[in-house]
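Going by the order they are written in, the chains are A, B, C, D, E and F; count residues from 1 in each one.
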C-alpha cells in the first residue's frame, strides 16, 4: 500500500517527528511504499543539517537522511514554511541573497502542491503534528 | 519555486477535507492551513473545509490585527468562493459553546451537528489537519 | 501575584487550573492575552467560572488581542481592558508573575 | 475511519471533541499515541467518556508510548495494544485517517 | 560554552519556583525544564519545583523509553536531592484526576491542595514555567 | 524597573515572540530597563538570520535585532536548546565542524545560567511561551 506522511512539528520539541519516523520505518519493513514525507509548519525544522543533539540522544535529522538514502524516500520541505523559519538550500540562498544555507542531505525544498499531490497519489495520508 | 506538478492525474478526483480546529493568530496553523487550501484548488479535487472547536474563531467577523502588528488573513476566507471552494462546514456545538451564531461569521457556511460532521469526515478520502 | 493566561479555555485546561489554584485567596489577578482572550467573552461555556473567580480576583484582558480576533465587543462586564502599556504596568504593580503555559 | 489522538485529555479538548463527533455512529476507531495514551488509563476523570465510546468504537493504544510513560500496567479493559507495526496495519485497514491535532 | 556567571550576587537569595505542567516525551518542555533546574542549583537560590496538571506524569515510576527510542530522563528527578533541590510540591487534585497517588511517584514529594499551591506560588520572587 | 523576558517559542509559529516584542517595546518606551531577553526551547529559532517572511508580513528576527541595537539589549540564545535545533554562530560552527552558521546580528549564544542570573538581577521575569 502507498503511504504519504505529513509532519508539522520540529525535531526534539514535539514527538510528532519521532512517531512519524517509527511509523515510516515500520511501514517500509512491512513492504509498504512511502511515497512522500512532507514537512510543513515547524516540521521544516527537521531539515537542517546544523543540529548537534546530545551524544546520548537520537539524531533526528540524520535518521531521516539515512532512511531516505536507504529507501529512496522523497523528503519534501515546504518552501513557504521554510522561508518563514530560515531553512534554505544553496539555490534558495543565492536567490534570496543569503550568505549561508542549512538543508541536510536527502531533503528537497518544493511547493505546497507536493502535499496535495501526495494525497492524490497515495492510498493513505497520515498527519503527525501538535 | 512554484514547480507545480502535472495537474492531470488521469482524472482521479478524491474527496479532500481540511480540518480547522485552531484559533487564528495565537498560532500559525490557521494561516498556513489556508495556504494549503488555496493550493488545493488548482488540483480539481472535491475539496471541503471543516471548522470545529476553536477553528470556528477563524471565521469571526471584524478581525483587526493593527495593534498586534500581524497580518490579518481573515478576508481570504471570503475569497475561497472565487477558487470554487464552497463546501464550508461548521459544527453547531462548537459555535454554541463559544456563544457564537451563524450571523457572527464572515462567510456563508453550512451548519452541521456533531454527528453529521462525523459522517462527513468518514466519507472523505484524505483528511488533512493542522 | 499576576497570572497570565494565553490559551483558549475551550482547547486547553490552563485557565481552569489557574482558577483552581488561585481563585480561593485574595491578592491574585489574571491577565488574558493571545488566544486566552476568548476566556473573557460573554455567553460561553466558561463564562460562569470566570465570573465566579471575579469575586476574589481582578481580571484584565489585552485589548489588541481581543481586536485581532474580532471579539472586543463581546467582553463580560467587569473585565478591565489594557494595551501593551497597561500590560507593562500590571507586571510592575504585582510582586511576581506566572505564565500558565 | 481511524481517529488518532496524540494529546493528553487532561490538558486538551481533542479527545472529547473526537468522541462528540465520532462516537455516535458505528465504523469509527480510535488510536491513542504520544501523550494521548493517558486517555486509556483506569481510574481517571475521563475513563467514563472513553468507556462509553467503546460501545460503538474500537479503541487502540500505542504500547511503546504507554511504556515510555510508565503507564502500561494501568490500561482499561477492552483497549487493544499495538506497536508501530500494528499502527501501520490499522492505517492500512481503515479507509481514511484523521489526526486530531 | 559553559561561561557561567559570577555566582556571587552580593548574597541575594531569591525564591525561584519552576512550574511543571506538561507530560514528558510528547513535548520537550519537561526535559529542557529540568535542565534549567539543574543549572539553578549552582546559584545558591531558594529553589522549589511545582508539579501540577500533566506535570505530575513527569514523576511516574517505571518509565521505559526503549521502544520510542527517546532518552529516558526520569532518573534525573531522583538526582535532584544531590543538588540540594529538595522542595518538590505536587498538587493533590492533579494526581486524583489522573488516578494516581503518592506511591506511584519516583521521588519523595510534598502533596499540597490547590489552595496551598496557590499560596506557595504567590510567595515566590521568580516563577519560571515551560 | 528592571524586566527580564523569556521566550519559549519560535517566530511566526506562535504569538509568544510577538507578544514579548510588543511588551519589551512598551516597557522601554515607558522608561523601564529590559535587562535580558532569553530565548529557550523553540524560542532559539528567533535568532536565525536566514528567514525570508512574506513581504507584507512583519520581519520578526530583524525587529529583534533592531530593538537590540536601538536599546543595547542583551539577546541571549540558550546554547543547549540551540544545538538541538540547528542554531549556531561562527565560533560554535567551527567547534562543531559545521560548514555554515545562521545567527542574526544582536543575538549571542550562552548558557542557561544566564536565565537564572536574569531572574536574580531583575525585578520581574516574564515568560512568553506555549
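By definition in this document, a residue touches a chain if its C-beta (ideal position, glycine included) is under 8 Å from a C-beta of that chain, and two chains touch if they have at least 3 such contacts.
Worth saying up front: this structure is predicted, and the values here are computed from it rather than measured.
The chains that touch both chain B and chain C are D, F. Minimum number of contact steps separating chain C from chain F: 1.
Farthest chain from chain C (centres taken as the mean of C-alpha atoms): A. Relative to the C-alpha centre of chain D, the farthest chain centre belongs to F. Interface comparison, A-D versus A-B: the higher count of C-beta contacts falls to A-B. Centre-to-centre, using mean CA coordinates, chain C is 25 Å away from chain E.
Centre-to-centre separation between chain D and chain E, using Cα means, comes to 28 Å.
Separating the centre of chain D from that of chain F, both taken as means of CA atoms, is a distance of 38 Å.
Among the residues of chain A, those touching two or more other chains are numbered 8, 12-13, 15, 22, 41, 54, 80, 84, 125, 127, 129-130. For chain C, the set of residues that touch two or more other chains comprises 6, 10-11, 13, 34-35, 64, 83, 96-97, 99, 101.
Touching two or more other chains at once are residues 21-22, 25-29, 53, 68, 70, 125-127, 129-130 of chain E. Inter-chain contacts occur between A-B, A-D, A-E, A-F, B-C, B-D, B-F, C-D, C-E, C-F, D-E, E-F. Every residue of chain A that touches chain F in the complex is listed here, in rising order: 10-13, 41-42, 45, 48-54, 61, 80, 83-88, 93, 96, 98, 100-102.
Remark: chain E residues 21-27, 53-54, 57, 60-68, 70, 72, 74, 97-99 touch chain D in the complex. Interface residues of chain A facing chain E in the complex, by the touch rule stated above, are 12-15, 18, 22, 54, 56-58, 130. Of all residues in chain C, those touching chain B in their complex are 6-8, 10-11, 34-35, 38, 41-45, 47, 63-65, 67-71, 73-74, 83. Interface of chain A with chain B (complex): residues 6, 8, 40-41, 79-81, 84, 92, 109-117, 119-121, 125, 127, 129.
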